């Protein structure tokens, strides 16, 4: 790689790559979630054996500051009312004596564990399904998180524990994997990736961020899925509706050959309509799966329905 | 009712009412959610026949201002980056050419559809399970939304459409119902309230708020459940883990006889540990249930895991 | 007035009205503040006799919600740290034992008493000095509050107490006055409006808002200056650099004849470059001036320097 | 210095140091600003020769993030309305055609250049004038920024350019000076520090922060005034009302001998009632003073009147 890639590099790289625009109509705003039909919900429930639940959301508004992608800043939590405010006389009990604590949160719509709207990122001035990028001006008028939130994400999910598969606690900075690795990992785990499976891809990275072992800063480069045309075709043929990772951006930060950033946000999200669910907490689930060897389950996620939002916080549930 | 009730009125009213403190240990922070075991998850899945989903979250950060309980203020949505910002030169494409829209949300932790933490409201200086109300100072150290978010809410749910049952589009201001009405409504709907059922109680009120037919303001008085000792005993005996309503506060605003505010936040939430889920969107689900007469289903909800929070936004999923 | 004025009504109304674009160069961003030279500073100091000061800023972030122009919402104040947070263990003393209270404020850049940037409002797609309205996209690149904040506002000011002049505590809703009223008021007060005087125009309205006697809501219509071509010419000829009022918008809300909103934001601010300073607290100063009959003084104001901002909070000082 | 000082170290260090509590009555909340009488305003005006102004406020809400004291976070600026939002149809012109840009700012009350309230920091559970530290709970009830904002800060100021005096562009990390250095610097500059002078102390540090030459982070240690009992006595005897510095905290971060943090916030602010004005932009003023050798002038500052606030943003004006 020599020098920075120019502003048309991504467009050139993805010329001719698979594209689902128009597949679900000119008005579609949920993309590959269309694959999740009643059959997939049934398949998800059929994968449940123990009726035990895991939630995948990380805390937000932490006192020490949440980990966020470079350029964003941490969500913050403010108490508005608490017992000391009643003692101080700022607040008065409700009629009859009830008192309360109340609080305020501010942060990116994509704070903590969250789903990206399909229109969140683009190139060539065009977002998912061919809408103009100017539909983002002043608030998403197309392919916002609202239709995703209204639909919800429900189906059969498979956890692929790439870190354990490679014998590591955490994948390395900039370490990558692709669809062939996913298949090998599944085979080693004894679980089947089926068409329309929701993929939970564990790298251990969010754990490292939360523990402070990794930090966001100059030169930040996450491990994760890396681009190839074959990989994009595989996602397309397998009709993968949704990926869920324990990294901030669901893919490795740069393509190693060209230095292009976040290629799969272009290839999978913008072009195929795959829903990205980022910064999930997968360590507890993964430890449990390693113990009982059950890597499949029923998955539900439903982001907060932020009006005209580019994304929404979520706290997915995985039921084994 | 003559004059305002004094600050000890609620405490006197609930003296001797059922109380679950200590029932799940001195460290418990999730209360009646303990009733939701693997059996209840199994029962919830068994209630699914059509594998169709409904999400129950309302939009937040709307341009015209969200409806919020008196004393709070609306969540707000701000664009941080959009296509016009790239055109104006405030933003530059990522290496290779990807552009993005990004946005920020600020609002109460209990914005839009949300779950209350068990420690959100109290009397006698003591919150759920006997913790001191001073544990709320500067951030909830006990019975915050975090343990609830970590556990998730999963089980069999029953929709009780009180508005349709009474032949109304929307219940009236200050109109009430109690456990006997719930049982009659269930009977009329041909659905069974079983022990440990999650109860979705529809009044039509949120629809009226969203349409602007009702407004929050002076003298605001929601319809909803109203207190009696019998009602509290019924919730306790039925081991109801969670109620979900389409009002801002899950119960009628004042007890008619005494003028005491939000009695059930004391009797059910603080004393029994029942999880309150407020401002749910139930109109679409209710119309569907009226058509096919299937009022039971599988319910999942998992609030955003706000660190030390008094509540968290949620977008529950109901699967028929 | 019949029906609502169309979107070109203001443009037609002001065709041919005085315009200062280019007068101070193609790069100017402070407009009529250019009139405030060393001479005016000297004149302002010469007006001081008693060396007594008055500040003109209203509180912001009040617990009950600040009065704001329709469509905006109140600034809010959140404690981040206080003594109770130290007691609760959320905070720890600095090395050696110092403790602290800290807090956060969110609100419009034009919260409370504030100066408008010259580019804040426009018609015909063009802001002050002929810059494109698209320079506002994603942050003001031209005629923001920054050059105003960098320059500061310093000169001789005259208080014109229109309310007292008319024998009222507060002017009525929609009550208007024009330049001839200002001159008559000055004559009655025994003070001289000179070229380049800063004009403080008191209506009593902010006091009424703060007391709750007036409320912002449907049909809101402030008293204030009203448009005529003669008035605009008078402001131009008198080289008035800045007006300061105790209303939310520095002029009456609608032109009575046509129903056009905020005409003077077009005629004075956009076209002549006059700085508007809104929601000033003038009641204490006015009472003092009524007592000692000294209506002139030295005025300094300097808004917060909000990066790319449309305005900035200010707390002007008047020295008699 | 061996190990961290304990939580009583500051209290022990300042036992017996000068204290002004009660000097201006049991209800006083503005402390040494009481020294600024009509005489001082007159003296300030008498110092003006050229009638040229300098504003001392730094930009806030910058796109790259403002420099803030460790533990705080940057103020942020969000566009609410701009021309692109009108084009996109999120906004509609006012009656008659006026359009507008509007924006929102969130940040610490002590964002950018600001004044500290006298109650902002304390030890021994007691703030300025002997009020309980619990008066800070949920919002400052005593010694907030409100009385300071209401009074304003007006008087004769002297710029002491410590950096130039020492032949440096910027003082070094952790470099200190005391009252004797101030006197020597004044002598070298040919300016007189008189009783009740407002002191502007230039280190060059804010310039280094804004240029990115210095960064806030682990081990952050600003240059500035350093504690000695003699220094505190000098401030007391000279009746210094207010110091204004181009650092984030108005004093060197740690006392070198003991490691105690922010000693002068205890000794000068809490005990003597001296107003601290932090993060001022002094480089332009200093360059001008170096050229014309006029280091005294008239100073006005008036923080934003944040309700119950620990501080308020300010944009002071210095007139030569």
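As written, the chains take the letters A, B, C and D, and residue 1 is the first residue of each chain.
The criterion applied here is as follows: a residue touches a chain if its C-beta (ideal position, glycine included) is under 8 Å from a C-beta of that chain, and two chains touch if they have at least 3 such contacts.
If you're wondering where the values come from, they're calculated on a predicted model, not measured in any experiment.
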Chain labels contacting chain B and also chain C: A, D
Equivalent interface positions on chain B and chain D, same or different at half: same
Between chain D and chain A, distance of the C-alpha-averaged centres to the nearest whole Å: 44
Interchain centroid distance [CA atoms averaged], chain B/chain D, Å: 46
Chain C-chain D separation of Cα centroids, rounded to whole Å: 26
Residue list for chain A, restricted to those that touch at least two other chains: 63, 76, 79-80, 82-84, 87, 90, 104, 106, 134, 137-139
Contact set on chain A toward chain D in their complex: 65, 73-74, 76, 81-82, 84-85, 87-91, 106, 134-135, 137-139, 141
Chain D-facing residues of chain C, complex: 4-11, 13, 38-39, 41-42, 45, 48, 50-53, 55, 57-63, 72, 77, 79-80, 82-84, 93-113, 119-123, 125, 132-134, 136-140, 146, 149-152, 154, 254-255, 258-263, 265-266, 300, 302-317, 319
Residue ranges of chain D in contact with chain B within the complex: 63, 76, 78-80, 82-84, 87, 90, 104, 106
